[in-house]
Each structure stands twice: as C-alpha cells, then as structure tokens.
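The structures come next, written out as structure tokens.
There are two complexes below, and they share chain A, which is joined by chain B in the first and by chain C in the second.
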Partner chain A sequence: MEVAVTKFSFTKATDANDAVLKASSLTNAAFIAGGTNLVDLMKENVARPGALVDINQLPLHTITETEEGGLMIGALVTNAATAYNPLVEKHYPLLSKAILAGASPQLRNMATAGGNLLQRTRCYYFYDTATACNKRNPGSGCPAINGFNRMHAILGASEACIAVHPSDMCIALAALNARIHVLGTGGTRTIGFNGFHRLPAETPEAENNLQPGELITAIELPAEDFSSHYQYIKVRDRSSYAFALVSVAVALQMDGNIIKEARLALGGVAHKPWRNPVVEEHLRNQQISAPLLQDAAEMMLAGARGYGHNNFKIELAKRVIIRAINEAAGIL
Partner chain B sequence: MQTTFTGKPVNRVDGPVKVTGRAQYAAEFSTGQTLHGVIISSTVARGRITGIDESAAMQVKGVVTIFSHKNIPTLAWLNFSYWDLAAPPGKHFRYFQTDEIYFSQQPVAIVIAETFEIARHAAALVHITYETLPAETDVYASLHKARKPKGSRIGIKKPKSRGNFSKAFAASAVTVKAEYRHGAEHHNPMETMASTVIYQDGGKLVIYDKTQGVFNSQQYIRGIFNLKFKNIKVVSPYVGGAFGVALRPQYQLFAAVLAALQLKRSVKISLTRQQMFSLGHRPAIVQQLALGASADGLLQAISHTAIQETSRFEDYVQAVVNWSGMLYNCAHVQMDYKLVPLDINSPADMRAPGAASGVFALECAMDELAYQLSIDPLQLRLINYAEKDGVSGKAYSSKALKACYLQGADKFGWQQRNPLPRSVKKGNKLVGMGMATGIWDALSIPVRAKAVLNAQGKLTVTSATADIGTGTYTIMSQIAAETLGLPLDDVTFQLGDTDFPLAFVQGGSYTAASVGAAVQKVCLEIKQDVFKLAKRIKNSPFKQCSLNDVVFSDGYIQLAGNRSTSLSLASVMQQSKTDRLKNTATALPNALQQMRYALNTHSAVFVEVEVDEDFGTIKVTRVVSAVAAGRILNPKTARSQVMGGVVWGISMALQEESVTDHHYGRYINHSFAEYHIPVNADISNIEIIFVEEQDDIVNPLGVKGVGEIGVVGVAAAVVNAIYHATGKRIRQLPVTLDKLL
Partner chain C sequence: MSQHTIGNSNYNSQQLYDADETIPVGFTVNGTHHTLQLTAATTLLDALREYMHLTGTKKGCDHGQCGACTVLLNGKRVNACLILAVTKDGADITTIEGIATADMLHPLQAAFIEHDAFQCGYCTPGQICSALGMLQEGRANTAEEIRELMSGNLCRCGAYTNIVDAILQYKNGGGRD
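Moving on to the complex of A and B:
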C-alpha cells in the first residue's frame, strides 16, 4: 500500500513536562522535532502515530559547558549547529567530523541531536510494507536474512533481525562515552550511551531503552580530551547522502607512540554502535604497531557473521579500523 | 545561412521561468474543483486479487470513489487500441481491467477524493487480498528460457551476422571470451509521472500530462476511451526530466482520464517515487562477447550474444548487439539477441537504449583484447577503424571518430599512461586510465511546424514536440531567429500542445535534427512571404531584387550590397497592411539520399579513476569525452547534454541498480535513499570536446543530436580504468567497492 499517511492529531507541548504528559496520555503518540526521519516513515506507512507532540518550542536548543568541564548538548540543537559549535569543534572534533559525514546539509539543518539517537534503520524491508519485517510487524519474519542484505549487520544480529543503526553521530557519541539525559513522568534519569540502544534479540521493535513517554532532553559529553588524536572514517557507496557500509570512530590519547587510552566504535555493522571494551583494553599502554592493530581489528570483528551480500563488511571493517587508528595516532 | 546564432552558447530561453518557479509542470495545473487520485500498487508479483475491501476507506469524509477491476466500465477490446508510439510488440497492458497480477507494484486501484491528503489516507485503509503464485524475476536464473523476440519494432533492426565466426575465431592468434552483466535501472527523473485532467463542459478533456509526446498521450486515450481527437487536448509545456520514462503514456494518465470521464470532474494524479520503480526500465542483460584477432591486432572474429529480460505480455526489444557489427572492421561477425519473459513490467527505452548496454560489453571486451595483445587500447581501436558500416556496407555520411580519438587522447594526456595495470599509486590510491568508444544513431523523422509573423515583426513558431530539459526551446528559437534574421527576443517558440503541428515523441536524439529542419523550413517560407510583401509596398527599394540580393538581419531586410538600404520586418508588415503572415511546413527526411549512407554519431571517452587500495572505493577523477555529432547548434546546451550523459555513464558503472528481492519479485531499493545515483561530490572534472562534422546528408542543418551519445561507452571506460588501476577485471555493473576487496 505504498502511499499512505494515516490520520493523526498534532499538538504543541508548552514545556518538557507537558510534552511527557501529552506523550504518555495520548494514544500512540510520538514526539516530533526535525521530522527528517519520522515524516518519511509516515509517508511510507511504516510509522503510524495517532498523535504528534511537537517539541520544537521547548528550551532545549543550547550547548553549554558543564561544571565538570564537559558539554551539555540540548536535544533540539540541530546536527549542523552541533557540528559547527566552536566548543564541539575544539574539544570534541570527532563528533563534528562524524556528524558532517552524515546525510546532507539540508537534513543536518533540520535534524536534531535527540532525533538522531532515535532514527530508525534503513533496512529495505523495514521500509516496504509489502514485505515482512519483525521490527515493523513483530512476528512476521525477517526477509533480509535470506534476501538482499548488503547493508545489514555482521555483529550482534539475531534470527529475528539483522538491521543496523544508521547514525554517524551516534558512533562518535558512543566512542566519547556520552550520557543521555531523559525526562519521564517519574522525573529525570541519565543513561550511559552503551545502555541506550539495544541489540535486536527477540524484540527488534524495541530499539532503545527509553520508557514510553520519556523525552530525551540533552546529550552530555564527559570532560575527556580526545581532541588531538581522533578519526572518523565512513565507507559508503557514494561520496555523500549515503549510509555507512562500515564506519569507524577512533579516539586516542597518545604519549609518543604509546596509546594511553583508546576508544573504538563501529557503525554500519550492528543494531547499535559497536564497542568492545576488551579491544580498547588490549590497545591501552601499547606501542602502536601493525601487529597490534591487526590484532585489535581481528578482536573487534570476533564472532562477525555475514549473510551473503554483506560478507565483505567483515574484511572491510578490519581494514577501516586499522587505517582509522593509524590516522588518529598520526601515523599515515 | 547566416551564422548569427548557430554554434553560439545561447542561454536557455526557458531558464528564467524555470529558476523562478514560474514554469508549470503537469501536476501544478489546476482548477478550483480538481479531485485528487492516489493509486494503490500490488504487493505481489504474480497471482490474483481475491478481494478488495473498500469499506473503511469509503467511510472517510471526502472520499469520492474507488476504482478497480471490479467496477471500471468496459473499455476498448482491441489490442491495437492500447498501442502507443513507443510500444514494443505484444499484448499491451490493460490497467485496472483484470484481477490478475503480472508484476509487483502493478497498479490495482485508484482512490479518488476531494484532497490529496484524504485520498492518501483512504488508500491506506483499502485492504486488498491476493492469491500469490510463484514469480520468476531473475534473468540470470532463467537464461535457459531465452528465445527469439516475437514481432518487430519500428527503428530496431534485427542483428545481421556476416562471414563465418566459428572458423575465423578458431583460427585467431589471440582471443577473448567474457560475459558481462548489468541489472535493471530505472529512469527516475526528478519530476515523477503526473497528469492533471481538466473536465470541461460537453466532455472535452484538457490534459496536462508529463510526456515526451503530447500526440502519443492523445491517441492512446482516444483509442481506449473511444473519444474524438477534437475532445482531447494534451498540453505539456515543461517536463522535469524524462530519459525515456515519458515516451509511453503511463498509468497515472489512464487513471486520471478514467476517473474524470466517470465522475465528470477534473482529476489529478501523481506517482510516488516508489511507484516510479513500477514503470518500464533499462532491462537486466547478460552479454557474451568473443573476440578473435591476429597477433598484430586486426580483428578476425566478433561474437556478441545478449540475453535480456522482458515482461510476460510484451517483447521489449532494443538494439543491444547491433553495434558490434558496426564499430570495427571485421569480416566475421555473429550476433544474437534473445529475450527471457519474466514476471516484471515491460522494460522501456532508457537513455541510449541498447547502446548503453551493448557498447559497454563490446568496449570492455576490446580492452581485454588490447591487454591480451599487449597493444595500447586506443591503438587497437585505430587499427580496426571502420570507414564503412560493416552491417549495411554503406559509407558514413560523416564520421569524425578518428579525430575524437586523437583530440580526446591529447586533451586527456593518454600518451603519458603507463600501460602496465596497477602501476600508478598516489598514497592509498591506485590510479588508472581507461577509454572506450561510443556510437549512436543520427535519426530524423517527419515533423511539422507553423510560424506566424505579426505586425510588430515578432515571430511565433509552434510544433508539438517536447523539451525534456534538453534545450528544445532554445535551439528552435535560435534556428527561427537566425533564419529570419531576427533578434532572439523577437522569437517565441512554443511546444507540447496537441493544437500545434504534428511532432512525434521526443527521443532517440532526433529532435534537434527533425524539429530543427521543420522550424528552418517554415521560417524560410515566411522569409519568402515577407519578402514578397516587401517588394510590393510603395517605393520598395527591393522591387527589382530577388531573395538572393538581400540579407535578413537584426529585424531588417537589407540590400546585400548596401546594408543601409533596408526595411524592418515590422514596417513591411505595417506598410503592406498585413496583420499576420502565417505558414506551415513539413520537413521530411531526404530518404532517398539518406538510404545510401550510414548515419551515426560517435564519441571517444577517456576516464581516470582513483581506487582506494584497502577499501575499494572508486572515484572518477577526470573524464574527457570527444563527441562527433555533426554541427553543434548550441555548445552550451549540447555540452550540458553530453555532461549529463557522462554522469549517467559513471552512475551506470558505479552506482545504479534496481535490486530485485526474488522472494517477493520486487525491486527492494525503490527510493532515492537506496537507489543510488551520483551526488555532486562523486563528480569531478568532465571535459567535453565537440569535433564538428560537415554533413549535408543527415539533414539541411547538418545536425545529428546529442541526447544519447554522451552516455554510450562511459561505463566501459570506467570499468577499463578500474582494471588499469587495480588489475581486477570486473564484468558486472555496478562496480561497487565489495567487488574490488
């Protein structure tokens, strides 16, 4: 049925609490900010919210320094405003680089920080209501597993879903140990980045650990300095306006040739930004070398599985990891 | 002819209305009371509709009705009534008239409502059930079912073999045998298909249609709905890209006319981007090439076989292999072209149909042969250069391909190329250079045009042709202005209206030549007419003169020997008390003259690529395309055309493919997010060289047309450059990075 937007109500929230209240009380409600993903999904009849709660007028549009020396990015700051914010550029250039590798200028001008965290997978089957999809229609099956799965997951997938998270920004946020501030009917809470998104397991329809009605209010970046040694490499089928086949975010603290601290996150390979603390530990306090990086790449891809069209991602991811670490370290 | 405008880079005359948004496209026309239609597409590829539950949709306020096979009136029953000018042989599809499903996304129902939003909402509420049958959609899995095409299609010659390929191939010192593949591609112009049908009192229809030929839409509707020509006016002033998708009348036209006639209301229907993937497409093709050559590089034997998908109901044919019999000197050529019917919609002409596919395979095989022979790929082409068309045995009316090779190579710096594959590296990047040849037809067709000169000396010329973004408005204005010696501002060219004189669909690169000839001819008639008036007026300085004694320039008739003796066209009209001069002319190709020659455009394409050694990502860093297409009327619009063609070729080589999920029998990447075409960042320097040809045979203007030639050969040149960069020979398009890892 390809052409469809079902009827929905539209209300503007007066403040954050009002937004949460409306989202909790209205049937099948969704927040709308930039709308760059939700509106597309509504046109495809994939998202069918009964109510849209407009949060654009909430005071969540600023980036401020925290007392600890980190940054607090309001949920409604656009991707473009985040990427070009002087504080972000100075202290978290990895985040700027990742954001600018995504989408197009037009989309980045509309898309918000909070919305970026919630964008849905680009799996072809998820988007086409003529096909089955456990994420869209739980229990209907996953045709991607035996179908066209070029863009799909090689890590952390399940029999129910092999979709990947499409964000670039989130890969950098994962590497930077960002924290997500949310507001619900029960008050505020903070979620560590790794605990925000979920692997598909048996419930691929649940993509994150937000409770119904909960609103992302801010993304906090901790006061850590990865501004000298970082890299974001995105490999894709065209130079712009394409989702990652594989992307790698690397943040290092170096002492000469010694890696003092390493963060490594992969995009385009799993249902969430993919990190492995064991690999980062393996790199810590080691002198950078080709065998070390090869080991790290192999370890990062341990347990990776291809589904046919995406087999190439396993080898590609290793190569991108090695180059990204080398470039972050300043060894080209 | 005076050269006031021809060959000048005149700006698009329709540029200002387009960039300011004043140009109206098919879906932008309206009356106050227009209904909106939304089409529902089949979710299965083969089977039968077992039920349509409209109850929920019909309860939505504002829904007028829902059409489907269950309730549409009986329409024409002859197959011929469903024929159109671009239809391939077969049983033409009858939309909404059967419960059977022949292809995924087949249109099955039309929801009509007072607003677009209501129609779209209601469409989501229509519940359709299907009995699903197994569908065959994979041409590669069905190659054993290939058969000869049935019937024939105007303009598509059957491949004609010559000599004894097997014997010559066996005796060849060096041989190449390879198979090349590419999948389906969809045209995807920026403007999706759309029709606005204005229902007027008495049942007259004014149809704003996105089309490459208003008369094609008119005759199609007339036949199916048994209407009178005079009651169907089709208008299409602007087309937001087409590339062939608007050659055939598409189903939104059928649906909008059906609804308008049934409801006696005006109706508008547009397709979604996803539905654009339900239309005809460049078909998936498997091609086998075998080349045999002597040790010194002379071609001894060529075999080219193509197996191509088509639908169950039409045999879509295009000239895929024919070019292999033309491009090179070779005595023994075997060509074969077969079809595999599948559960898909009929393929359709898409920019350089046939040649884009066939020349890709031939020119890759030639590159492979060059390496086998250790002969420079360009040199191999020159060694086998054909002065005559090997199929017909006729000489070319003009063929500056050799100059294209040499000028292109010079501009590109081909001589600096290290012949060894994988020999040039820049950091992580492997650098390669490749080249290929392009060829297309230089066709012309009969066209009529009308010209009216008014009392102010302003000229209006009309013909029912189209401008699909190619520059028709501009070059026709140039031709008319030049012929009558008028400033461009005093000339208006109008097109895309069935009230205008007959012109067939715009396609095949024949518009510039064919419509141009008609415009020139009718303007020459006006020239004579106005000169006759000039001679007759009181105290005319031209009383004793013939047309040869005067010059038409800057809006004046001037004595050739003494330009200050002159009369403006406006004063001629006014002094002779003539309100308007009008004339109509038909330009017919000079068939007797043309049949003695082969008429073609040619090109030589040179491409440089950089391939990331580790990631396999490919960037086309430079392209030089040298094109021989007769005389170039407007180097600016012609250059844009060829540049667009080159981008298409890069796209075909590296990005484009409509991927089918064979379980669902459905194109699965049917959106611009996942069906990739290049973005600006993918495209670097493209240089276009026009090698002009003096050609009095193709047509009086010496014009061959440039709509298709730009794309032909580009994909091969890219693939050949990738081989030179990496040492890897990829024979399946698109060459995505995974193929190089």
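Moving on to the complex of A and C:
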C-alpha cells in the first residue's frame, strides 16, 4: 500500500530558504514537486531518498513578465498552466507546442516546470533494479550499449551511458535560450540552459550542474520573438502519450525567404537537449533551399553513432530537421 | 521569492515526520470532509481506496501510464496513483462516486451507457472523471481533439470510438448525435 521500499522522512518547507536549508541538512534529501517522476521512481526502488522536502506550498506558482520583456515561469507552475498561459501562447508558442506533445493531460496538470527539467531517463535498464546500470549504480556497467537500445542516444553518448533526456519541454527551452534561476545555501544564481544538463561522460549519475540542496525557483525566457516561425515535431511509436524517439524544435526569424536567426534543438537523441551553434550560424542570413537544409541536417548529425536498435534515428533525425525547418519557415 | 537569510530568528521549521509516523491530512471528497492519519508514503489513490473505502477509483498500472486512477483535484484531472496524499492536504476531490446525484446518473454516465462506451468497465471511472476535467479545460471541440486530450486514459477493451461518441453527445447537449 505504500510507495517506497525504503523508508523516508517527510517535511514541508515553509519558504524557499527553508527548503534549501532542509534539503542540504537532511541526509539524502529530495524535493518533491508534482511527484510524477519521483514517486514513480520510488515505487520502482530506483530513487531512494532518505527524506522528502515538500515544496508545493512555496510561492513559485506564477508566470510574470520581466522588465526586459521576457517571462519568468515559477518552478511550481504546472506544465498545463504553462502551455495554456496566454503570454506563453502568444510569445512562446514553441514552448506550448512542445509541452502539449508530452505526457498526458492528467500528468501535465501535476508536473511542474522545475520537475520537468530534472526528470530522469526512461532507459529500461535504469528502471530495472535487477540489472546493472552506471547511472543508477555507478561502476556496475551499461547493459544498454549491447542490449535493447531502440530509445537510446545517437549523439554525445559515452562508454559509460547512452541514455537520453526524455523531456519535450526542455527541447523548446533549449531552443529559446531559457535561463534557470536557482537558490542554494550561498544565495541565488542563474544557469544558461545549455549549461544546465550534462553529457554522461564518465559520470552518468550526474545529470545536471545543480549543487546538492539547490532549488530551482524559476525559468526565465528572454525577450526574443520567435512567435511567427516555429515548429516542434515529435516522432514516437504511437501518436500520443509516448516518449520521443526523435523530436525537433525549430525557431526562426525570417525576412522573406532569408533566415535571419535560427535555433535548432533535438530531443530523444542525447543525454541533454542537443544544439549546435555552428549549424545555426550556417543557416543565418541564408536563403532557404533544399541543399541548405540538407547540409544543416548532415551537420547536426555529424558524429552520430547508432548502437544497433537505434540506428534508424540518424536518418530519421535528418528528415525531421528538414521538415521542421520548412514548416517553421512556412514552406510546405 | 523570499530572500531573507537562512537561520534568521523568524525561521519556522515545520515538523519532520519519521517514516513510520502518521501525518494528519484533511480532504473534502465528494462534498464530505475526511480527516485521516497517513504515512507520507501513502498515495492519494490508496488513501481513497483503502482508508476512505471509495473503491470506484481504480488502480491500473500504479505508474501514471493508464489513467484508471483519474480523479478531479481542485477541479483538475490528475492521476491519484502518483500523488503522495500528504502533499495535497486540504484539497477538494471529486471521484466517480461524486459524479451522479442521488439516484440520477450524470448525463455523461448515461451517455456512456447509451453508447456502449465500455466492456469490462475497469477504465470507466477514470474515463468519466477525465472527460469531465477535459470539458472544464475547454480545449476539446472536435472528435480529433477529444481523442488527443483523452489519450491519458487507456482502455484495454478498446471502447475508444464509443467513448468519443459518448463524450461528444454529452458535450453537444445530450441528444443522440
């Protein structure tokens, strides 16, 4: 009847500083927000926190405009409330579209912005405590590399881990150059989106650059206009309620047929949302054409490697990139 | 965001509960107030089924993957299996037991019967709560939108087409479509 195999203590944070203090002083503590990932992993005995610090009552539930004309999304705003927020729909429709491509309506009503960033991989071996897994149990090995790896990474993987970050929301946030505001015992700091998640390298258990006990307080969207030319395409094994095999977020600024500014982020292919500034630079100030997009797709997948069951993702990603850019530009 | 320093004299630490300790929680479920003592590890689904004996809400997967446990929490549809009950102290909850009035079926329930929108019925409480939550959200206007926005509710019996028909009939005001 109870969710966890291991025992944990429980406390509610009274404010953000209290949350940080509790999370950094209690042994093996974890924040709990929507619980949609953490409770699931606790039931599987994959996550075994010693203490849960409930942050749901903190005042991080609003979306406000920043002085610079961007948006500040509180860490506890639900994915549904973000996607359907009028300011997000108007100025950052790419974010709405990506969020609505993820999970289910019920889950989006529960899942929070902060929790979405920190959700763990859906690698089957990571979830199965009967198997080895370097991410769950560092040094035990990675059975996915020579095992079932249909959903696994083709870019940026390591000998230690080939898992992917499963988020849709984060792919749009990466393309939009979001910034993550965090609070720790040393005060507040801001992390650029590209510096937030990590590649697996030798330490796949470390998925992001948060310090122990640090609390995400908000996600900031800079004041940039990508509301006219954007696309999010998610390819999955069924047409709804499934994680991405490959997803592509595109945000463009166009002048006629000329790409003035391009953002391109891939999901389902790496341990973090995958961007490549060289490709975006290659597209800038160019007239849109089939060879240009073919080049961009090839460059984006440069160095890609399949592990057997996921080889198809390389060609698939190229095709989805080309389609997504064409659709974002308005060329069908 | 509050900015006062850690450890100041106003610091009001709430209690730390040990794993085996129970925590007082209150819910209004279908209009009735319930006060319970639950461990932190108890899900809202188990609180409803095992402690309040409201077994209409079903446990399918217990992992957020099927929608059988869908209830309305402060008016919003959620998966009760992934919620720790203690994190929702004070919430207003509607389960399938709270949908009908006295001996009158809710018109959506009647539409499910009329359209044969189930076989075994295991997914039905979740389907009905989810559909009511969806219609409150106001984003589902066409059959296609209903299919997408009901995708969080699986039906092993495959009654999907009839479920969409039942929801459409209710949404369009009741009469046969």
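The rule is simple: the second predicted complex is superposed on the first by the 328 of 332 C-alpha atoms of A that agree within 3 Å, B and C clash if a C-alpha of one lies under 4 Å from a C-alpha of the other, contacts with A are read in each partner's own complex, and residues count from 1 in each chain.
Quick note on the criterion: a contact is a pair of C-beta atoms (placed from the backbone, for glycine too) under 8 Å apart; a residue touches a chain by one contact, two chains touch by 3 or more.
Because the structure is predicted, anything quoted here is derived from the model rather than measured.
Contacts of A:Asp54 after superposition: chain C is touched, whereas chain B is not reached. Of the two partner chains placed by superposition, only chain C is touched by A:Leu107; chain B is not. In the superposed pair of complexes, A:Tyr241 makes contact with chain B and with chain C alike.
By the touch criterion stated above, A:Arg323 is placed in contact with chain B alone, chain C being left untouched. Legend: residue contacts after superposition of the two complexes on their common chain; A:Asp18 is shown touching chain C, with no touch to chain B. In the superposition on chain A, contact of A:Lys7 is made with both chain B and chain C. Touched residues of chain A were counted for both chain B and chain C, and C has more of them. Residues 1-4, 7, 240-241 of chain A lie in contact with chain B in one complex and with chain C in the other. Interface residues of chain B, counted against chain A in their complex, comprise 38-41, 43-44, 104-105, 117, 120-121, 123-126, 128, 272, 274-275, 428, 614-617, 619, 655, 659, 661, 663-664, 666, 668-671, 673-674, 676, 678-682, 736-738, 741. Those residues of chain A that touch chain B in the shared complex are 1-7, 44-45, 122, 124-125, 127-131, 143, 146-148, 150-151, 235, 237-243, 245, 312, 315-316, 319-320, 323. Only residues 1-4, 7-18, 20-22, 26, 32, 34-36, 39-40, 43, 51-52, 54, 56, 59-60, 80, 84, 103-107, 109-110, 183, 185, 188, 217-218, 240-241 of chain A touch chain C when the two sit together in their complex. By the touch criterion given at the top, residues 1-7, 11-20, 23, 39-43, 46, 50, 62-64, 67, 70, 76-79, 82-84, 86-87, 130, 133-134, 137, 139, 147-153 of chain C touch chain A in their complex.
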